[in-house]
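Just passing along the structure, written as C-alpha cells.
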C-alpha cells in the first residue's frame, strides 16, 4: 500500500519502510560479522577497561591513599565520576518514559539505545560508591538485613543510604523497563535467527512471546505504568544524589537549589551523551533513516532548554550566596570563580553555557559535526561541573587551617578512563547483540499500512 | 629471690607468643608472663578488623558443602599463658602508675609512668610535682619510645663485638688499675649533670686518678648564665625563675615557653600569672625581643623582632634607661640606636621600674656579657629574691664550651690516656665534630656509656650501654630545695647496666674487695636519712633541708655594657641557630613521634630549614622550598644547604636555622610511611632528616655561640618541598576573594585586649560570630543528656602551641606516624592538631600568632553522624561523638561533612611492624586498619575506666577524675575537661566566662568543646586586629 | 570386564552415592554451622586435662579463687601455676588413689609411695620441680600454654570487673562450667547477645538491683 | 490458543487469517466482531492502536496491582524505618529526633516505586504466562515480523467456514487456514 504522509510533519522514519524492512534493517546489523571498525573500537575500549581494572585492583589492594585525596578533600574523582555517570544515566529513562508519556513518537528511534546507555551508565556510576569505600568488602552493611549485632540496622537519615536505595531502585527499574520493552523484539529475533546460541538465548529471554494482542494490551498498560513510575524516579534519583551535598553543612554544598539544578544538569548531560552515541551509531551503523535530522534537532532543542536551566542554576547560586550575608557561603562561590580551581569553573561555564548557544541556529543543528562537537563539550563541561561542586567546596571550607589543594594521581585518572572503557565496551556489546532500535515500536510509527 | 624481685615496682616482661623478638631476660627467678599476651600485643600486630581466615574457611567450606567443613571451621588457636608465680600487685589488664622523674632533658619534670602488664606505655605529668606542676612537654611524652628503640644497644660491646659484662668489666678495671698507679690522664666527658648521686659517683670514681678531669658538654648550654652569676654574684648558679610572680616579663631571645631551661615549669608559672577571669586574677605584661619567631614570642603582648646585634643594643638601652632611673652608673658606648624603637624601650623601662621587685627579665643568649647585663637589669629592678631565686637553686653543673675545646686539643696532642664518655655526642654536636672524631682514637682507652652507636660512641673500645632512664634509679636536683627521684618502672629490656653501677664498680681497683652496689643502693646512699625514702619514691620527689647558698653582694664593677656586636654587612644575613621544640639538640632524632610533631610556629614536620623574612626572600628571589646554601662568612667550608622557608615576623636581616637535624640516627626512617607507587621518601637527598647546622656554630669568647655570625645566603637550583600541615596561614581570607562588605576575618579564634575585656567583661561582637546561646532546633529535643554531658574548654590565652597535647594524644591513642610524604599530601593522622594563624598586629612586619588546639568538637548536632550510612559514628548518652572503627566502611562522608575537619582516615595500612616499638602501644585502644575513619574520642577509654571504677566503688565520677591525655599533659593547664551538667565542675565555670565561645556557633552543630578567647595585655588602640 | 554401559552406570552410581553422602553430611553439619565469627561450642583440648567439673563442681572452689582478676581487672586471668601449687603441692593424685595407697601402705606397713597423676606431673614439669618439690637444678620453669576458649575479637573491649562487681554471675556468660569436664563456649558471644543482655538488665536489673548497662557503641568499641 | 479460551472436552476448531497491514487487520477484526464471530485472539508484530476496541477488550486491571503494591511497599518501608530508628534500637544520630520522618521519605519513595514496578511486571508476566524459556506457539511465522493474524474460534455449528474465508479474502487476507486443536495448543 502506498504510503501517505500521516501528518504535515516530515515522517519520523525515512525511506518508505515496511515492517519487514525494519526487521531486516535492524536485525541484519546483528547477523552480519562485526565490522573492522567495531573490532577496533572494542579493542580500544576494552584496553581502557583493563587499565581501569588494574587501577581499581591496585587501589583496593593498597588503599584509598593511592588516590590524591586528603584529610580535607575526602571525595574528588570518585564521586565526581559517580554523579557524572548517574547524570548520563538519566537521559535514557527520560527519553523512554517522559517522552512516552508525552506521546513524543520520535523517541522510538532512540529509546532502546538510550535505555541501554542508562543501564550501562548506572552500572558505571554504581562502581564508584563501591570502590570509594575504604572497605568495599563490607558494602553489604549498607543494606538493612537481620544480623547478630543486636540487630544493628542502618542509618536511614543518611543521604548515602537514600542514594543506595535510589541507585539500586533506579538500576532495577531501568533494567526492567528496558527488558520489558525488548521482549517483542527478542521474539522477532528468535523467529528470524537460524538455530544457534543466539536463537536459543533469544528464545529463552523472549518468554514465549507470540504477539497475542491480549498480551499486547496488558503490555501497553505495564509499559505505561513503568513509564509513569520511572518519571518521578528519574527526578527522585538525581534529587537524592544532590541531597548528598545539599543536606551537608559545607558551604557550596548546603544549597537548596541543588535538586532542580542536578536534575536539569542530569538531563542536559544525559541528552548530550545520548546524542554523542547516537551520532556515532548513526554514522557507523548506517541508521540515517531511523535517526533523522529531525531527531537530532529535537534533542538539540532539549539541550538548549536544559542548558538554560543549568545556566540559571549557576547564576542563582551566586545570587543566593550574595543574598545570604554568610561569609562562608559568599567565600565558597567567590573561591569557585576566582580561587585556585577557577580554571575548572571556567571550563564548566564555557562548555555548559556558552557552547550550546550555537544550537540556536538551524544550520548548526543540522550540521552533525557541529552537534557532535557541542555534545562532546557538554560531556566535558558536565564532568567538570561535578568536580567543581565537590572539590572546590571541600578544599576551602570553614577553617582556613584546613584549606588544602587536590590533584589526582594517575590511578584516579586510570579509573576514570576505565569507567569510560566499561561504558563503551558494554555499549559496543549492546550494539552487537541486541536490536539497537525498538523494532516493535518503530513499526508502530511507520506510515506503512495506515490510512489516517 | 634476687634483691630486686621483691620490690613492687618491678614488672615482668611480656614474652611475645610469636617469639619473633627474643628479649634477653636476665637470670631472674621467675619468668613471669602476663596472661594477656594472647590479647594485647596481638591487638597491635593483628589487623583486628579483617575477616579472619577461619571465617573465610567456614564460609567457603559451607559453600562447597562438604566434609572439609569439620576440619576448617575452628579458629587458629589463641594461647593464654599465665604467670608461673603471680607477682603481687600486678593484675594483668590493670594499669599501675609509678612516680618518677623525666630525664628527656635537663629540666627534671615529674612523671607518672603508666605501666600495663609489665611495660611502660605512657608518661604523664605528676600534678603534685613542685617544679613541673602536672604538665609534661612533647619531648618528655615521647621519651617512652626510647625504651622500645630497636637501635638501642642490647648488650655491652668490646671493639664492636658483643661481650659479657664480666669481660668488659675485667678489661676496663685492669687498664684503670694501671692508670691509677701511673697517674694517667683520664678524661670523663658527660653532659651537664644535675643528679647529685651521679655527681657523687663521678667524684668517687675520679678520686682514684691523679690526672683525672671531668669535662661537661652541652650544645644548649646554660653556662653563660652560670658564669655571669659567678661574675656578678660570685655564685655559679642557674637561678630559679618565678614567672608566676612577675607582673612584667621581658624576654631577650629566651624561648622560655618552648625550649629554654625548663619550659614546662616556666609555662605553668607564666600561665598562672596570666589569668583574665580565673581566680586569682592577674595578668602580666610580656614583651619579647627576639631574632626568630619562637613559641614565646608568639605569646608575648609585644614582640619585637630584632637582629642579634639589635638585641644586644636593646639590652644596653634598657639597662641604661633603668640605671638612670635607679641612679646607678651604666656606661654604654655610643652605639647606633637609630634602628631601635627607643620609645618602646623607654616605655618598657618605665613599666619595669614601676613594677620593680615584681618583674622579670630573662636572656637566652650564650654570651656572658649579655647575661651580665641581664643580671644587672634584674638587680636594678630588685628582682633577686622575689622573681629570681639564687639561694636554693638546682645543683646543676654547667657545661663550659672552653673545656670541651681544650679536651679536643688534648686528644689531638695524644696526651689523653683514657676517655670515658657518657651519653654525649660531640662529633655530631660540635662545629668541629669531625676533628673530635679523628682525635678520639688517640686516647688509649675509650669507654662509652652510650645506649646506641653514635658518631662518637662508635669510636669507643668498650661500650657499656646505660639503661633507659625508665629502667634505672636516679635523682635530680630540682632547686627550691627539692630533689626528684627516678625509679625503674619496668625490668630492663636488654642486657644494659646503669652508668651509676658501672662507675661505682670501676671506682676501686680490681683487687679491692667491695660489695657490688646497685644503682638503687647508690641513690639511697646519697640521701641516707635526709629523705623519707618510701614517700620520696612514692611521690617521685622529696623536700630536703639545705642551707641557702650565699654569694657575695651584687658586684656592680663586673657590669659593663655588651660590646657593640659586628654589624651585618650588606648582602649578608645574621645567623641564628636555635633548638626546635621537638628536636632540641638532636637527642630526639630517632623518635618518629617528635619528627612528625608539627613545629608550633611553622607547622612543618620532618625537616629543618632556613627561615627568612618575606622581604629578604623577595629581594633574593627565593621561595619556600628552594634549597639555599648558607655559608659562614669566615670559611667557605662551613656551608650547608637546606630548603628556605619564608617566615612571617622574621627580621629581614636574619636567617634562622634549627639545630638537631641531619642526625645519623634519622637514617632509620628510610622506609617510613606506607609503600605505594607514588610514595616519596621521608628522608632528604642526604639520606637523613634535615641538615645538621652544628657546622655553623661558632666558638667565640669562650663559648659556642648560636647566633650573631654573618652568613651569606645563595639560591641553588634544587628544590626540597617542606611538608607543612597547614597550607594557608592567615586567619583572614585572601582579599582577592572578598565580596564587598564581607567580613575578611573568620571568627575561629577570637581575641581581645585586656583593656577591652576588663571594661566589657565579654567579647567584642564579630559580625556573625555573635554569641548564639541557643539557636533552637526545628525538631523535638529527644536527647536531653540527663546524666553526664562531657565537654571541654580550652583557654587560648594560656595555650602556647607547645604541642605537648598533640604528642600525648598520639601516644595514648595509638595514632600512627605516616612520614613526610603523607603529611605533605595533608594526610597527617594526629587527632588533635594545633591550628596556627598569623594576624596583623600593630606593625605590618610583626604579625601576631594565634594558636588553637582543635580536636573533635563532639557536637551534639553532629553533622558527621547524620551522614554515616552504617551508624559507625553515633552519639553517646553522655554527649560523646562515638566512632566505631569496626563498623566503619570508609565512605569518608563524615569527614567531608565535618566543619572542623577533625576526622582522620586510614588511607593505608600504616606500618606496625616494629615489634619492639609496638610495645609502646596502648592495649586498651584498637589499632585501626586501612579504610577506617578515626578521630578524637575525648579519650573514651579513660572515661570508661573511670566509670567502671566509680561503679565498683559505688561513687559518682568526681570532677577531675577523667583527664584526657591532652589535658593531662598541658603544661599551661589550658585544657579542661569535665561534666557540663555539673554546675560546680571546672569546665562549667569556664563556660560561664565572658571569654567563652564555641567555634562556628552559628551553624548550630552545638559543639561540646568551647574556647576561651585569647587576651593580650594591650591597650585597645594598640591592637589593630579586627573587631567586627 | 565392564562394558561401556556398565562403566557409565557404575560411575553414575558412585556419583549418586557421593552426592547423597555429601548432601547428608551437609545437612548434618548445617545445624553446627555458625556464621563467621561465631565459635559457640568451641571446646579445645587443653595441655593439661584440667576438670572444671571436679574443681568447681565437686570441690566447690569459687571461680574467683583461680580467676581472681575477674573482680579487679578487665581480664579474669588464667591462674598462675603457683596457684595450682597451693593445693597440688600436697594433693599429687586423685584422692581415691592417694587413699588407696595410704591404706595399702598401712597394710603392708611401709611408707606410702609417692603417687603422681599423669596430668599433675605436667604442672611439676612446668615448674621444673623434682619429687621433693624442689627446683630442679639447671632447669628453668616454663609457663603452661593454655588455649583460650572464650575469644572476643580485638575490636571489642570487655571488662570482667565491671560485670562481676555488678553481681553478674559467671554462668551468665560462661554457662555451667562446674558441669564441664573440658570447658566449652556455651554462648555465641555475638554483639547481639551482649546488647540484648544489656537491654534486659536495664529493665529488670541484675539480681534485683537496678543497673545502668550502657548501650553506647563506645561502651565496648574504642 | 489456550489463553483465555473456555475449556472444552472436545476438540476446538479455529480459523486463522493472516493479513499484511494494520488497516486490514483492524477492518477484518471489526468486521468479525460486528458479525458476532468469536475472536480468539489477534497476533500482531506491534501494538496496533484501536485493536482493543475492535476486539471489544476490557482495559487491563494492572494499574490496581501497581497501586496496591506500591502503597503496601511504601507503608512497609515507612514503618520499617520508624521501627528500626526509633523503636528497635534507638540510637542518637546527630541529635536528630527518634522519629525523623522527613529523612525517612526518600527511601520510602524509592521502595514504593520498586514494589509497584516489580509487582506490576511480575503480575503481567505471570498473568500472561510469559516465563523464561517458554516455547512460543506462533499463529503464523511472521507475526513477530510483519504479519497480522486473526484467529476466530468456531464456537457453534452454524459457523460457516467458507463464508468467513471468502469474506476475509475480500478484506485482504493472504493466507487462511482452519485448525483443529486439542484442549490446548
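Order of writing sets the chain letters: A, B, C and D. Residues in each chain are counted from 1.
FYI, a residue touches a chain if its C-beta (ideal position, glycine included) is under 8 Å from a C-beta of that chain, and two chains touch if they have at least 3 such contacts.
Treat the numbers as computed from the prediction; the structure is a model and nothing was measured.
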- Task: Check B-D against B-C and say which one is joined by more contacting C-beta pairs.
- Result: B-C
- Task: If we define chain centres by averaging CA atoms, which chain lands farthest from subunit A? Would you check?
- Result: C
- Query: So what's the Cα centroid distance for subunit B and subunit D, whole Å?
  - Reply: 80
- Query: Cα centroid separation between subunit B and subunit C, in whole Å?
  - Reply: 48
- Note on the structure: For the pair subunit A and subunit D, the C-alpha centroid-to-centroid distance in angstrom is 30
- Query: In angstrom, rounded to a whole number, how far apart do the mean CA points of subunit A and subunit B lie?
  - Reply: 56
- Query: What are the residue numbers in subunit A that touch two or more other chains?
  - Reply: 150-155, 157, 159, 161
- Item | subunit D residues counted as touching two or more neighbouring chains | 89, 91, 93-94, 96, 100
- Message: Could you pull out the residues of subunit B that touch at least 2 other chains?
- Response: 49, 51, 863, 866, 868, 871, 874, 876-877, 887
- Item | Complex interface listing, subunit D residues touching subunit B | 91-98, 100
- Footprint of subunit A on subunit D - complex, ascending: 1, 3-4, 20-24, 41-49, 51-52, 55, 57, 59-60, 62-63, 66, 70, 80-81, 84-85, 88-89, 93-94, 96, 100, 103-104, 106-107, 109-111, 113-114, 116-118, 120-121, 124-125, 127-139, 141-146, 149
- Message: Touching residues of subunit A toward subunit B in the complex: what are they?
- Response: 58, 62-66, 68-72, 74-75, 129, 132-139, 141-142, 152-155, 157-161, 164, 244, 247-250, 322, 326-327, 330-331, 334-335, 338-339, 394, 396-405, 409-411
- For the complex, which residues does subunit C have touching subunit B? 22-23, 25-26, 29, 32-34, 36-37, 39, 42, 44, 68-69, 72-75, 77-83, 126-127, 140-148, 151, 153-157, 159, 161-162, 165-166, 214-219, 221-222
- Inside the complex, what are the residues of subunit A that reach subunit D? 1, 18-20, 23, 144, 150-157, 159, 161-162, 165-166, 169, 172-173, 176-177, 180, 183-184, 187-188, 190-192, 203-222, 225-226, 229-230, 232-233, 236, 240, 243, 439-441, 443-444, 448-451
